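Inspection log for the structure reproduced underneath, given as structure tokens.
Chain IDs A, B and C follow the sequence of writing; residue 1 opens each chain.
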Amino acid sequence: MKDRSAGRRYLLDGITRFAGLAISAALLLALLLVLGYVFLGAGVGFNPGMLISTGNTTSGGLLNAIVGTWLLAGLALAFSAFVGIFVALGLTQYGGSRTSSLQRVAIDALAALPSMVLGLFGYLVFVIYLRMGFSLLAGSLTLSLMMLPYLAKSAETAISNVPKEFSEAAYALGASRWQVTTRVLLRFAKPLIISGALLALSIGAGETAQLLYTAGWNPGFPTWFVGSQVGYLTYVVWAGINQPSEYSHALAFAASAVLIGTILALLAVSKWIENKGAKNA
Amino acid sequence: MYPLFNEWAANYSRAVITTQATGSGTGISEAIAGTVIIGASDAFMTNAQVQAHPDMLNIPIAISSQYVAYNIPGLNSVHLVLSGPVIAAIYNGSIRYWDDPAIKALNPGVNLPHQIIVPVYRTDGSGDTNMFTLFLSRSDPWWNETVGYGTNVNWPKNPELHGGVGNSGVIDVLSSTPYSIGYVAMTYTAQIESAGLGYAALINRAGNAVLPSVQTVMNAASQYLNQIPPDGRIGIAFAPGSNSYPIATFEYVIVKKVQPSSAVANALKQFLTWAVSPDGGSAPQYMGKLDLIPLPQPVVQKVVIPLIDQISGPQ
Amino acid sequence: MKSDELLVKTVSLIPFVFLAAIFVFLVYQAVPSIFYNGLRFFTSYVWNPGMTFEQPVKGPFGFEASPGATFGVLLFLFGTLITSALAISLVVPVTLLTSVALALYVPRPMAKVISSSLQLFAAVPSVVYGLWGVSFLEPALLKYVFPWSETALGFIPWFRGPATSGSGIVASASVLVLMVLPITSSIVLDTFMTYQSRLQAPILSLGATKAETGFVILRLIKRQVIGATFLGLARALGETMAVLMTCGGAINSMPSSIYSPVNTMAAAIASLLDSAFIDPSGMTLSALAEVGLLLMVISLASSAIGKAMTGRVALRGEVL
């Protein structure tokens, strides 16, 4: 350490302490203000009818968008959970070291892709090349690309956390690798996988760029996986605030509030399941 | 066009019409593909498209127009007089301030502020951009040479140029940006009024300052009666005539010449004939409600009816 | 190979397949633009779709475009870099100070709560930050902040303005700060606390103040801090909606001051993709694919550097 007088060192300490605490408080305050502003804005223009009627961003409500968001994110979760769990199995139970590192690189690269790049890919391949058009299927497939890293990582962590003794005991009893996987590992990994799935769901519900040119928009409900477009909440936020009418803005704020509420709830449940799973292990 | 077709669909009893809101590009391509019977668009098919699909008809069905709107605190109730060359110069930055001598010359007695002008453009490809830039191309040689017209153009270099998404996005940008100027479809009259924006009187080809209205836009369309080609594809911006508003465009329905069945062909012909009739779809109750302008009857008789007649069932 | 092994190995190839597919499709779609625009793509800020009403004409190498078309990514690239750089320049000091404060000066339980809340903010959707940016931040910037900065900082040419609207570089960078901070601060705080548990007691016992302890540890984890910055940068580079809503949608002109409207690669793809449908030659779509390719490469590079330095990947909301 440099030779400084004690006074100056304590002054530096005090300044750092003050600056650090002040900045942290300011940061937290700023972020809380953002949330507060959104909820306040939502409260001002809100009317409960918005939650139970369909709408088209200039009139009506959010029901079609809410259902659409759940459909898109839910279907995307199904796709990414399926692949993610298998990837995790490949990394932990079925892997060789060479393929494992390639797998990890692929997953990490997918996680790093910008959302609009995924959206552009989804448009080019699912909407145009594979002729799905703007549809629930195209949107959820694109969204699943974003969710995949979350599921793969959660599943891998979950499976690795299952105590080795469990699988060793099963092997000792003569179980095959598949039996051990399904009956032992996945069973005990379930809480953490579900927790990871809920986290992915919460992030997926808030995505827009992947869906803008794959899901389209629908003032009603989609009729099937392809052949009709889907509405979703983030679109309402984007399109609603872009309109010059007070009502559209109210819809945009309401959609934001619904989104944030849903996301917080999903995250809370995710955390709770994770903690409960840890306790039971 | 979507609101118009919705109104028509609700009130036309002789056939069932279902509608879908998309952009013009989609309207045209879906009509070509056959996934819809009628594709509505405020831009006619391009030469390239016509060459590729000679079996399509571009039938004018209505006229739409545009405001050149602005947000100048204190002056929004005044209709400033602007001309194509002045607007072109505003967009390319050579006219930088609202109190520029060129603007002052057109507006003697108006107390213009010394503030930078913020021009606004449409980021999405749109018939409104096409309308606006066609007007500028026809009224300003520099714009015609350098920028041209289209649903998406090579906007001149201006660091103040801001983008808006859709007509509503443009109104949004105009409302939140003092001293801005942009182009907005006439179908958004109500929103422009409630946003408190002003709009300009434009100098037309005859040199007169004309405000946008049903009459002045119809005048513009009527001027082209003798120039409209049989296939209906023509831009009607910067029309001659002393009382013509210089920004206007036909709204088109794009349909196949040969329909899948005679029944469909006949129903379609009946509907379209009703749509352009002043007692039917072109009555003020539809057009006025949506701030669209009906076709002048001479145009209907000379161009539209013959086009409708070309629709038939399979040979 | 047994059937279960085959199933697992096949399905776990899927991420790889998709990653390769994304790359291949983007390259395939971008090839016409790469050849037609050539190097001009990287040196020009002009984005000119050409006369889309006319017949497409053949350009160099036989690729078709509308007459007069030429595409350049320079504005979008510059906009991406400057908004991200501006955001990062604020994110880094704030991250460092917050980490030091939370780790050293705040009781541990409270620090955990605050740290968790910071992560929650990473899960707030991008459009919501955009909504806040458009309705609150932009009017506030135009009305209060810019008039002040025009005079107070006006001696710097780029800050002289005049500021004509709230949207632009400042607004975009601001929302980026809010979105990147949770990522960088979680990694730095986490790493800091790991080292702190081993080192704090020995260092303090030598007579150091808490601040000095903090600086020592920071110096030790410098690599992870830089890595976390790269991970945050990767997020900022690819951010679409919030930036799209606050950037001002500039085109065909480089920003002339910090108050100017701007455009970024991600925002440009989102806003211009619609216009690509109308271009009969398909060159606009190809050019946008090239923009996407460039964006992808830059983001992957930043992410890779960050991963190499920290061993982590930035997934939003993960470190709860």
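Just so it is clear, a contact is a pair of C-beta atoms (placed from the backbone, for glycine too) under 8 Å apart; a residue touches a chain by one contact, two chains touch by 3 or more.
This structure is a prediction, so every number in the text was calculated from the model and none was measured.
Asks: Higher C-beta contact count, A-B or A-C?
Replies: Taking the two pairs in turn, the one with more contacts turns out to be A-C.
Asks: Going by C-alpha centroids, which chain is farthest from subunit B? Tell me that one.
Replies: A
Asks: Taking each chain's centre as the average of its Cα atoms, which is closest to the average over all protein Cα atoms shown?
Replies: Per-chain C-alpha centroids compared to the overall one single out C.
Asks: Report the inter-centroid distance (CA atoms only) between subunit B and subunit C in whole Å.
Replies: Whole-Å distance between the two chain centres: 38.
Asks: In whole angstrom, what separates the CA-based centres of subunit A and subunit B?
Replies: So the centre of subunit A lies 42 Å away from the centre of subunit B.
Asks: As a quick test, compute the distance in whole Å between the mean CA positions of subunit A and subunit C.
Replies: Distance between chain centres, rounded to whole Å: 18 Å.
Asks: Tell me, which residues of subunit C touch at least two other chains?
Replies: none
Asks: Can you tell me which residues of subunit B touch two or more of the remaining chains?
Replies: 165
Asks: Pull out every residue in subunit A that's touching 2 or more other chains.
Replies: Where subunit A meets two or more other chains at a single residue, that happens at 241.
Asks: Which of the residues in subunit B come into contact with subunit C in the complex?
Replies: Answer in residue numbers: 23-26, 29, 46-49, 51, 116, 118, 121, 123-125, 148-165, 173, 176-177, 179-180.
Asks: Note which residues of subunit A are touching subunit C in the complex, please.
Replies: Going by the criterion above, the answer is residues 1, 9-10, 12-13, 15-17, 19-21, 23-24, 27-28, 30-31, 34-35, 37-38, 41, 82-83, 86-87, 89-91, 93-94, 99, 102-103, 106-121, 123-125, 129, 145, 148-150, 152-153, 176-178, 181, 199, 202-203, 205-209, 212-213, 234, 237-238, 241, 249, 252-253, 256, 259-260, 263-264, 267, 270-271.
Asks: Give every residue of subunit A touching subunit B within the complex, in rising order.
Replies: 241-245, 248
Asks: What residues of subunit C sit close enough to touch subunit B in their complex?
Replies: So the residues of subunit C touching subunit B come out as 46-56, 68, 138-139, 142, 162, 164-167, 248-257, 260-261, 263, 271-272, 274-280, 284.
Asks: Contact residues on subunit C for subunit A in the complex?
Replies: Residue positions touching the partner: 2, 4-5, 7-9, 11-12, 14-16, 18-19, 21-22, 25-26, 29, 94, 97-98, 100-102, 104-106, 114, 117-118, 120-121, 123-132, 134-136, 178, 181, 208-212, 214, 234, 237-241, 245, 266, 269-270, 273, 288-289, 292, 295-296, 299-300, 302-304, 307, 313-318, 320.
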